[in-house]
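Input: structures, listed below.
Next come two complexes built around subunit A: one with subunit B, the other with subunit C.
Let's look at the complex of A and B:
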């Protein structure tokens, strides 16, 4: 139970039409012991920040398939800051070109995940990045 | 989301309340006792929704909450979902069904895992409700895990209990068996657009008609509702208001407080026993049962921090 008592929000910003990947990650995190909240499809960054704060999560996972990952990450981080929650980690996954990875990390993503990665590796990366948090 | 600017006490300190609820959720019994609030000056109208998984509790709650918000009331929802006994994790999905109201600035939704509680509620449920009351909500909705047949606990903690059933699911028979009907103030046959709704209505009417009744007893109300065609939603809100009016003249407030205190005490002791057993591991189990009980009972007393 490596993620016991950790609260994680899985969020779908933007206009993606499906959420299979987000749901698979949500279930894997639950099976690792986390309390996982899922927003459902097509949520705005300010709504995601509001839910993150109400649910007082340790981290937010954004799933983006639309190609707007850079803009949506920027907006979500800005909304979290506005909501006095700049300390929450944000990771991002989906269809993300390798070239964009460094940009996302520089913007403040704590990790970037792509569809080629094994689920176990994704979960382990989240476990590792939450270890530093109390 | 359009955050409407709100004056004075209408503002919800989301960050503050969010963090406070986490502290309470995670509190051990010793920690809970330190911050314990036994009663509150502020009281909200508390409505509980219970019923089998899939009966439509979350959707119905969002409709009810919409009505509360339209009255200008600050409304809080505590939605409890089951914790997996295998992984200890939980998927908290009730919020997805509440999209119809989720943007409202006077609404606060918190998803809570059931963790160690086995009564359809969660750890420290009484404290979570009191904390929300202290943040000034007018209306609070408590959604149970919905395992059924354990409804006494939620009944104790709320003013009005709504039981949500589906047509033709055998719920009517289950409800008779379990005595849930005695606990529910209002019974909703949800998804009434589905076949079999009329028959379920008739069956439950018969059961309710056979219950002993005195002039001082609230007569359990039966409502047909459907999110598809919207029927019954207004009637549900009206009936909750009627029940509240009935409570104001018929409820024994001292008795209610005693019952809430008894539940609170019982849940603290149960969790404390769980904590001790967890700490002791196999040591406590590897002895005869009477000895184990005596040892456990002696260890249940919390550490004196005075």
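Let's look at the complex of A and C:
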């Protein structure tokens, strides 16, 4: 399981300050070999899309625990599209009610991660997803 | 039985159920002996509740004098909807209010701000101006009920708004009781609702404490909180150590300003998480209570026993709750509630079983409330003060935890103090590592979580009964109310009050609080007040480390 030579942006959109999940995943992805960039808290979807493009990352991971995951995913995908990066894979994790998981996938999320999933499974899902891409 | 199974069936049989180990080590690293005998335990036969160093409790009568405050954290959507929930909880026997505010209010944005739009009314109620506070407390006697606000970055503003609301209702300020969290240091480390840099933030806190002691002598102007760093990953020992270190930093700030430390220390309160290890939690509080009294006396020369009393509230639940088999959470919260009582908490919030993943429904909120009432009135634990006191094990563990807490505090001192450790991101990195360790230990089945990593069902789906949905029209309603307010208020009064606020913020000699109260009375919004102060103070630059 390796993410060598992969660049990944972990981002916190919106105002939510819960960054434990984002940091756990960032650490795990780094241990798996990825070059991880973390935005820090309270970033706008516009900023996240800009960083994703400027840093030439392979995928973006959004972390949202405030219940605003649908709006923030929509906005981030729209900003990526505007930045000519519509094919960028976007993962999303956080406090996501079961009913909303399919909605996020339909909107364009590559996968939805929640707290009860094992770290290794999350990393593996990203590995698999990026493999398909190349 | 295994021996009687025909060899040919072996391949098809399911793996035998794995039985978890009890384990001998606490997550904070302390090894627990199989038995603690009298010769291993310190002799604490002279300890009395209500007497220095307060190991057995800050009041000699414990809960027989006064039960802990039953205070359920609650708020969502519009002030009208939350007011309705408050009446539901008060009618059900809750004894204090605890206001959950939405993220725009907590981070200092008005509801129409592009940064705020998607978060309006989601995780709490929107209180963008005094007009909303007036609705929130409609039909509630602020002179009789105590109100707690989980508010930090904008704590001084929300406190000012509460005073203005009381003024409008004709409630004398000296009758007000309650708490504002107002602990910015831990926001930089976990939770993240910081706004201004450390220095002006410490000033705002000192200003609000000084003002509160004069204007609202029964109100707690700060609740120094370990809860959030704990839920973010810190161990019980680290939770207490970081909190006491932050507490001392606030006392130092007051001392530097020439304030009488003893007078203000009496109004400091604390807030912690209670997770599942019952004795670790109870002893954490016994150790923390003793250590705080000793530190204030030794480092600041405080002698007044009233000022040495370590009063604290707790929250039971949080990251100890699971999405798998969520009804198990009711049992967890019951045990945590018991630990809080055995530790001597002054105020308790029990999470609802669905609270880790959604705003509680009325159904789940009622069970959480009843849990406390069952512990309080059926279990009998409230009858005598510190019923664990004198147990060989409990006194041994209390001592052990006190030593470990001091060790962590020394590490922070060696680094250069808590403020440097926060500005550099040292504590943030430490907690992120801890969070990963805890998650890995859960994944690896070293930490037992029943129904999640042991004793699960094949067909287990994430299902927690009734789903709470925030009223989808709430955000639009709040934005409409915001526009309406801007139409009907006296703009010139707002401008004058904001200009005066800016002037006070630009200098260093004046207390900011009266200016914030004036702004609230003029119906200035939270976003306007924050923007005004940002002009003078700028914003905190987060050290992005993991």
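As a convention for this text, the second predicted complex is superposed on the first by the 133 of 134 C-alpha atoms of A that agree within 3 Å, B and C clash if a C-alpha of one lies under 4 Å from a C-alpha of the other, contacts with A are read in each partner's own complex, and residues count from 1 in each chain.
By our rule, a contact is a pair of C-beta atoms (placed from the backbone, for glycine too) under 8 Å apart; a residue touches a chain by one contact, two chains touch by 3 or more.
Treat the numbers as computed from the prediction; the structure is a model and nothing was measured.
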item: Touching partner for A:127 - first (subunit B), second (subunit C), both, neither; value: neither
item: First (subunit B), second (subunit C), both or neither touched by A:68; value: second
item: Which superposed partner A:38 touches (first subunit B, second subunit C, both, neither); value: both
item: Which of subunit B and subunit C A:114 touches, first, second, both or neither; value: second
item: Partner chain in contact with A:5 - subunit B first, subunit C second, else both or neither; value: first
item: Contacts of A:78 with subunit B and subunit C, given as first, second, both or neither; value: neither
item: Subunit B versus subunit C as contact partner of A:20, first or second or both or neither; value: second
item: Overlap of subunit C and subunit B interfaces on subunit A (superposed complexes); value: 26-27, 36, 38-40, 44
item: Residue ranges of subunit A touching subunit B (in the complex, touch as defined); value: 1, 3-5, 7, 26-27, 29-40, 44, 46-47, 50-51, 53-56, 83-85
item: Residues on subunit C engaged by subunit A in the complex (per definition of touch); value: 103-104, 106-107, 109, 114-116, 118-119, 122-123, 187, 190-193, 231-233, 322-324, 356-358, 431-433, 435-436, 439-440, 443, 452, 461-463, 467, 470, 542, 544, 546
item: Partner subunit A, residues of subunit B touching it in the complex; value: 1, 3, 14-15, 17-19, 21-22, 26, 83-84, 87-93, 95-96, 99, 102-103, 108-111, 113
item: Residue ranges of subunit A touching subunit C (in the complex, touch as defined); value: 14-20, 22-24, 26-28, 36, 38-42, 44, 66-68, 71-72, 75, 95, 97-99, 114-116, 118-120
